[in-house]
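Working notes, structure below.
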């Protein structure tokens, strides 16, 4: 057991080091969401004047979105790295070692989470410096980190699953727009009850990403909202569990060993 | 010890059939003795890499039996992997890690005790000549350096049996020679069994104690390089007379030194004559003396030794080099 | 341009358009993404039309259509840059340079193809917008002016992308082509009119050259042309400037041997 834990650590370390040495992928995953936040928060600030808007600070309202964008970037970057491992034969090298499939998955996701901590700290820091409010207070900070990391874990599992099913770095990159569609058709820009178009509101209501955004958002504009947080944690844990299981199955056919 | 225990690799009727396409490996039998370098020679698409993937437990066979280090590849994969090292067709490296970081990862994955990892990694990198480049990321390595790192990583857990899948493809002559030297040293000094696949005749000739020639999934010939070549026959000599009028006399003289088959042919457009020498290379001195004695001057004289390509040609009707160019790639990653 | 150059330009343009129309991987994203942005902005943010002070006469859908039309044109131009970069990276660019006595014809060919693509996508966008009930008050002349403005934006963005592509001759320069165009587009009155923007974004949008073009297109949709002259002037100046940028880029590519 100690052996597999140590192997998991080494795989996670490699995952983190590799990401760190690709600033061209890590930096945009942090700066691009903040750039979008700056543009959208400024451009949509007048939305706070819509009757029923829950806060008069649009940046507080919108700050949840970078956390999801960061998670999508993490999904794509870790998925691309794993797909590349499958393409180059590095996965075969790992298959020849005593590394277990679950240790490989855990290590890959461990690397994702290390970058996620960096992202969370940055988004929170920049957001607060730009004037965002954090109604949940000090008690909310560990909850924010726990939720952000759970979401990143879930998205990491999604990326891992797709990387193992379609082991092509190019294919992973081309999936980028697909995941952003989930972000756009959500309650990222307006609260769900203020979305005027019925069809859009329906899509946002069935889109699980809406609840992830609303969970994080509640810490900024409401405080500690049990329902919002419960839904967000529940959905991200469920997504993580489903895609982790699917990834484990995909890994067995990718990491073929007799 | 029984005869079976001295065999590092035993294969009986091994088959690999993919869902789409012909059998990539079509019932092969072979064995490799401990400490031997076995060259598995064949064109692209012959089934070499598919065989290696099965023997290294990375691809389940469709049929047949194979034992590596005494363990069945299909049922005791874990035990097999403890005994083997492999440098497969792609130098499977992470471009963002350095040589020493690769070593750190590999030693940890193979359970080398923590206090020994750094020293072992440094020693192996030194052995393959990568000490100076150890802290540079692999992205900056040349093809030869990558192959050497690949080999060093395969040796981390001191395997008894080493699989090398086309280890020198794409390397310059200097890097190739360096790799050959290391492979020979591993076998001769460390007693390692080496199963080497290649499409290069000279590689099999230079390194292998025994060679198996595979084509379209079947082994068409097996034996030592010299024995295989001897099957084809002795060396042939080809000569062109300076004066075309002397061709008839040239034929008569050369046939005195040939075996019962007589003249093999030669390009009559340029007056060339070719015969197989009854005494092989040893007959050449006599041929030259005889031609000199008869006053026959030559514009061209060439001795042609049988090669493994001739062996392949004899067995399959095709030349080995270029044989795989039109083949579909039956070499296999799993579907 | 002499007959030979026209022939080169025609061949380059034909190839580009042919690839676009026959390769689903190129065609569908180019068509779907503008539609997707239109749906997300007009659909999800329609309640912005109820912000006090929002007095655009033709409703939020038409308001957003004006932006999305130009956004599609601009990104379509950047897409041209990607194509050029890919061609030069693969060595095909060198083949074209060998065949063309006047290499500027190559730029002309790519630009012509970009205009054809932009025309197709604009027509599709118009069709969909009208189907979903966009309130269009534009007369024939207004429509022509809108389309010409969109094509100018497409041309300018394409020449910008071409200049980058010819200098770097690698798809890795993609973000360099895309990010400035993205910033220029979004640091503008995207979600609300200019007079509803506040603080720094109002200042930036006021001096952003794309702003008069966006405002002009929106005014043409409403059948009340405003800023159209300035918009055309800016469009022509940008096209000329980036045309020079692209020509210099071609000289650099020639000097490097393609």
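Structure notes:
Here the chain labels run A, B and C in written order, and each chain numbers its own residues starting at 1.
Just so we're on the same page, a residue touches a chain if its C-beta (ideal position, glycine included) is under 8 Å from a C-beta of that chain, and two chains touch if they have at least 3 such contacts.
Predicted model only: the values in this text are computed from it and were never measured.
Counted as hops between touching chains, the shortest connection from chain B to chain C is 2.
Closest to the middle of the protein, by Cα centroid, lies chain A. With chains reduced to the mean position of their C-alpha atoms, the one farthest from chain B is C.
Between chain B and chain C the centroid-to-centroid distance comes to 57 Å (mean Cα coordinates, whole Å).
Centre-to-centre separation of chain A and chain C, using mean CA positions: 31 Å. Once the centre of each chain is set as its mean CA position, chain A and chain B turn out to be 49 Å apart. Interface residues of chain B, counted against chain A in their complex, comprise 56-60, 73-75, 77-78, 80-82, 84-86, 88-90, 92-94, 96-97, 101, 104-106, 108-111, 137, 153, 334.
In the complex of the two chains, the chain A residues touching chain C come out as 28, 35-36, 39-40, 42-47, 49-51, 174, 177, 181, 184-185, 189-190, 194-197, 199-200, 204. Across the complex, chain C meets chain A through its residues 25, 29, 33, 36-37, 39-40, 43-54, 175, 183, 186-187, 189-192, 196-201.
Within the complex formed with chain B, the residues of chain A that make contact are 3, 6-7, 10-11, 14, 17-18, 21-22, 85, 88-99, 253, 256-258.
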